[in-house]
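In what follows, chain A forms one complex with chain B and a second complex with chain C.
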Partner chain A sequence: MKKQSVFSRLTNPKYIMVYATIGIFLIIYAFGAFLYGDKGFMTVRTFVNLFIDNAYFGISAVGMTMVLITGGIDLSVGAVASLTGMFIAYGTSVLNLHPLTCIFAALVMGVSLGLLMGWVIHYLKVPAFITTLTGMFFARGVCSLISRESIDIKHEFIDSLASWKIYLMKYVDGNWVRIKPIAFINFNVILFVIMIIIGTFILQKTRFGRNIYAIGGNEQSASLMGLPVGRTKILVYGFNGLCSVLAGISYALYVKSGWNLSLQGGELEVITCAVIGGTLLTGGVGYMIGTLFGVLLKSVIPALITFNGNLLSWWGKIATGLLLLLFICIQRFVVTSSKLKKA
Partner chain B sequence: MQNVLEMKGISIEFPGVKALDNVDFSLRAGEIHSLLGENGAGKSTLIKCLTGVNRKDSGKIFLDGHEINPTDPGNAIDLGISTVFQEVNLCPNLSVAENIFAGRQPMKHGGINWREINSRASELMSRFHLDIDVTRPLSYYSTAIQQMTSIARAVDIQAKILILDEPTSSLDENEVQLLFDVMRDLRSQGMGIIFITHFLDQIYAVSDRMTILRNGHLIGTYNIDELTKFELVTKMVGKDMDVIFNLKRAEVADDSEFMLKAEHIGNASTINDISVSIKKGELLGFAGLLGSGRTETAQMLFGVNRISHGNITLEDHEIILKQPFDAIKFRIAFCPEDRKRDGIIGDLSIRENIMLAVQSREGFMKPMSHQEQVTLANKYIKLLGIATPDCEKKAGELSGGNQQKVILARWMAAEPKVLILDEPTRGIDIGAKAEIQRLMLEMCGSGVSVIFISSELDEIIRCSNRIVIMRDRAKVAEVDGANCTQNDILKIIAEGAA
Partner chain C sequence: MRKNLNLSSIMQSKVTWAVIAEMLILLVCFAIRPDFFSISYQPSTGMLYGSLIDIVNRSAEITIISMGMTLVIALGGTDLSVGALVAVAGAIALKFLRWDVLEYTTPGDYSVCPYILVLTVPLIICALMGLFNGFLVAKGGIQPIIATLILMVCGRGVAQILTDGKQFTTGYSPFRVIGQGSFLYLPMPIIITIVVVVAVALFTRKTAFGAFVESVGVNPSASRLSGIKADQVILIVFLLTGLLSGIAGLIYSSRIMSNDSNNAGLNFEMDAILAVVIGGTNMSGGKFSIIGTLVGSLIIRTIVTFVYYFGIVAEATMAFKALIIAVVIVLQSAPVREYFAKRAAKRVKVSGGVQA
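For the complex of A and B:
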């Protein structure tokens, strides 16, 4: 076999989108460092906070990336995450259940809703957009059915899980001391990182993951190649349901309450993370590492605005919009140029 | 020799059409068996029934003496039936290596062993003398390599039966020989191979036996030396060759006026400088290898590629083509090369497909009534002999030759002055080819100027008044169609000058 040089492996055209994401993240980060380096933009704390404040989007983006790679879409994730919060809040505060019981119920709900939507999409051939829109209305409706008021989550298990943290330390003069300014990672960050690792493993190291790519590349071909198209699609939506519930748990830990209108539009934020992470909306292309940077890229903008202090937070939305536009243009360009090369 | 596969009394019915009617087929271990027939004869349907894509309505399939009922392609692969389908059926976003091993990746420590996939894929491809980077996405490579990849996949599955449905359509002569070597190799290992192609020479070069289908019926199974090429074609078409190709060149008087004249047109990205002209009622052939600039020239004349210099005159008036819509307004019509991608809209009915060009010329402010559309569509269905129960059938469900006729009908309905046909006969069978050629010549007879692009020199010579020969994105010669031979043209293409 021809031995591949590291260079030729790295210049494989399939990584272009991921490079673009990482590159733009680094540019924006360097920009922030240049402007607000003296205010502490370069500290570990700022960086870790990007994870803490956006872990729930990131967890959901793991499942969304897979759905998008199959060429589908899932609009129900925000509502399902919100419903998970309602399960935990209502279950612990009103029904006096243990949070783990509520979480278990939420997992059953989220995964079965996902599997059901996947089944409808594949076997009834209803477009994913419509199916998951229905799922979104259903989940949001159940939220409001449970309660139309925000419910605080007060349970020692949740409190301890939410406040559990590992301080980042450094070694100074023979002693471990907390770094200054103090930075820590919590349960949400760990869950996010673990989900990214699991997602990477599924996509890169399992047949199931590779079938996801094959379906996104050409569903008909995948079926003619003898790949289990139906099973794969249904499981992807099921897995995405799982991710939505985990994101809901993570959000509940972050805000410690359940509200029927929370995370409205969250599904779009999640899709944005995946897309600026290099996942093609037409399917077939996407990497977990890209999604990770997509989440960081989307969250570094509000951080910059906070550091500036004078800009209205809406500028964040505008910047995110521009970023999304930029990435869709890059995608278009990559797709067209690869077609031109073939002709 | 023992039969590895037996299909008995297979019938399949599609809405309105009996695709297969009581067909028997048998395949021995260690033979290459050609399956022949015109498009729509039922070859692909038979294959799809065997691979579980289509369900049979009646009949039985025996593999090694046991009855089987393949439910889907995955199931067929498990049973030992491996297939290379007609269109490249792989995933463009996956690497070459992965396309070969998708669904049966070797595993190691609970994860996919990429190292082994890549090294085994490299080995397989080198068997086809292809030294390529198998980790790059499939879309990065040419159609020929993609086709080789799908063959490599099918071969590596190590099935009992290998089905090759038009595997050679985008391969060059050397690659075809390599494929034949691999096929002979597999045959000697005892594999049964079903081979479908519309290149008759290839059938004689490689097969042991052949089975002929026509209109869903079995005509017969023969040893390769039992039939001459001529007899074979007669059996396939059901008519004599001479009758089919009894075509007469369009008659153009020397002094008849020019319909379209393009002088020194070109642009930076495709062709720099080319001049062509065509008279009223004339058929102008474009010969040259794939990529020699034939299609690009046609696209300039239709406004797909904008020209940056030179001018185009239509009946002595200069015209400016910025987009295809302008060309349609000037009654220039263009049937693109890839009918699946650029021509036919498979989800629309035959009627809607035919109406497209007319409607676009008339403008959407002047809709035609449904009744008018049906009348017009039916007129062309009858005129062109499109095989369909009615004009509301989806165009995507037609066979290749019939799809091509629908595209032709679309432009005939638009009453063009200049009709450009890019490879209108590619991938369709002899009978349909002859019909398309006859229709082209009939259009010339009614005063339409036809530009005919084709890779098959015999049909270019048979039909054209004049032939433009392209090479390396430039026009190298123009010859008279009536007084030239295939060798003349080949020589010009090879040597680059008249």
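For the complex of A and C:
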């Protein structure tokens, strides 16, 4: 195969959506810097906080992106993440288990639920929407069976993990000092970045990743080509289950409690992140880097509203909706124009 | 009859399985509580009481919404915005009823704006929002699930901003009638449901509209070539779904005599889609069944009532709902139905039964 130059690879039209996401993120960020630069919008701290406050959405969005690329959908992620938090909270405070035991139980639960849903979707040919909706009802119901009250998580291990942080330093006059205002990254941010890297690696560098794109492009052709369609689909849902559990752990570290109704509607926020990041719900198209910027773009809006201080937080929802509309129109335009070129 | 009725085709029909499932759940209810089927007359309110009446009454919102959802799914799409529209309708109605909420905080038996506005404006706004969805789908060529995701995300925000994020309450008695009144011994929501179901059934089955919807759902380009105005069909279906969500929103807010922009219509889109799918309409579009959807909606509500009888907390009903729905869906899945249909066909052959 001919080796393409870096430039021609980067200007490939298939990355247009990713560039659009990054561009609009930069525009909104610059807009915020222009309006609230004097209040500290431009600081590193504000930027790092975007990661800290939305790490759990981002972790879940990694798995969701893969599911969407196969042409499926997973509505159970919010409920599974909530159930994970419930496992940790109930396990540590009522059953006196070690958090790692609870996390292990949650991982087994999440991954096996994902694999089961993938199996039902592929072999029983039940639409993904309905299967994962049932999964969502199930996980949410089990949450409520465990407890209807919010349970605080009090355990040294969780406390130390949640408060563990790396301060960002800068080099001044021969020694390292903490930058002002103080900015730090914590376990959640590192987990988020690692998951994005793993996701990118799986999608771009492995056979499994190429199978995912092939199935999303055309499932029938993929199966006629002899690709393991069933196995790939089931594993994708299993991986998404894993991501949901990790998102649940991250959320539990963030709020330090388990509640049966936490993250309600979270699945649609995660899907919104992926769509804003350029993933097509019809399958076959999507990149992890787009999803990363989708998460950042979605999280910069609440940050702007907080900086404004006068607006009701509900405007955030409306702005997100409008953003979604804008991206869908861009996608539509890109898809039609690329079709015209082919014709 | 249009269809050739034989055992094999009946076993293959999804509606059959839905009816069987509903019967089984009702039978189990009856076995646990022998008074389950009893219906009594309460002279003080002029209404009939009983578990069956309650199931139909409480399923009204989902049934009404799922009538529109059936058509959307028959077109091969889904409408995620219905739950948010329920919240919007409630917020607008309460806004008109209690425009004076800042001056007087105690709810009384009065309405600030004319009652006709309270009823019509929410419906018109919801229909317009439905039309917006339809416009994105028909003219923009956007997948329905994403097009309606926009209003699903925005809708609750709009509802909150209309009411300044507050919850209004009212005591206006004509408004109470919608959700809690009665007519011909039956609770009002049941009457509204019957009217809606009959109207939608007549509209789709006595005119060619139903056939148009099925045709567009199977192949939009082919239907366009054969002279069906596909765009118009899509617009009408989404407009209808928006309107029906508005009606459901009025019933919901009349039941609680308040607006609850956070929880009104929460997960209604999910329940409505489930009702349609359990009722035998395929999510990939094409043939639809109004009766099937009606049965599907009743199944969902029966399960909830059934779980209440076991004395399980309200939120946990979801787990049981999931289990029962999982069984229904697995029974309805293509491989399982084919297996049963084959077995039925074999039995007919072995016994030398009547050949179809």
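Note that in this section the second predicted complex is superposed on the first by the 336 of 343 C-alpha atoms of A that agree within 3 Å, B and C clash if a C-alpha of one lies under 4 Å from a C-alpha of the other, contacts with A are read in each partner's own complex, and residues count from 1 in each chain.
Basically, contacts are C-beta pairs under 8 Å (C-beta built on N, C-alpha and C of every residue); 3 or more make two chains touch, one makes a residue touch a chain.
Given the structure is predicted, the values throughout are model-derived calculations rather than measurements.
Asker: If you stack the two complexes on chain A, which partner ends up touching A:268: first (chain B), second (chain C), both, or neither?
Answerer: second
Asker: More residues of chain A in touch with chain C or with chain B?
Answerer: In the superposed model, C touches more residues of chain A.
Asker: After the superposition on A, what does A:39 contact: first (chain B), second (chain C), both or neither?
Answerer: neither
Asker: Check whether A:284 is in contact with chain B, with chain C, with both or with neither, and answer first, second, both or neither.
Answerer: It touches chain B, and chain C stays clear.
Asker: A:231 contacts which: chain B (first), chain C (second), both, neither?
Answerer: In the superposition, A:231 touches no partner, neither chain B nor chain C.
Asker: After lining up the shared chain so the two structures overlap, which partner does A:314 touch, if you call chain B first and chain C second: first, second, both or neither?
Answerer: Touch status of A:314: second partner only.
Asker: Please indicate which partner A:178 is in contact with in the superposed arrangement: first for chain B, second for chain C, both, or neither.
Answerer: In the superposition, A:178 contacts neither chain B nor chain C.
Asker: What part of chain A is shared between its chain B contacts and its chain C contacts?
Answerer: none
Asker: Where on chain A does chain B make contact in their complex?
Answerer: For this pair, the touching residues of chain A are 1-2, 4, 8-9, 12-14, 201, 204-207, 210-211, 213-214, 216-218, 220-228, 284-285, 338, 341-342.
Asker: Residue numbers of chain B touching chain A in their complex, please.
Answerer: 51, 53, 72-78, 83, 85, 89-95, 98-99, 102-103, 105, 110-112, 118-119, 122-123, 131, 133, 135-137, 139-140, 142-143, 153
Asker: Any idea which chain C residues touch chain A in the complex?
Answerer: The touching residues are 78, 80, 136, 140-143, 145-147, 149-154, 156-158, 160-161, 164-165, 266, 270, 273-274, 277, 283-284, 313, 315-323, 325-326, 329-330, 333-336.
Asker: Spell out the residues on chain A that touch chain C in their complex, using ranges where they run on.
Answerer: Touch list, chain A to chain C: 73, 75, 120, 123-127, 129-131, 133-138, 140-145, 148, 260-261, 264, 268, 271-272, 275, 281-282, 312, 314-318, 320-322, 324-325, 328-329, 332, 336.
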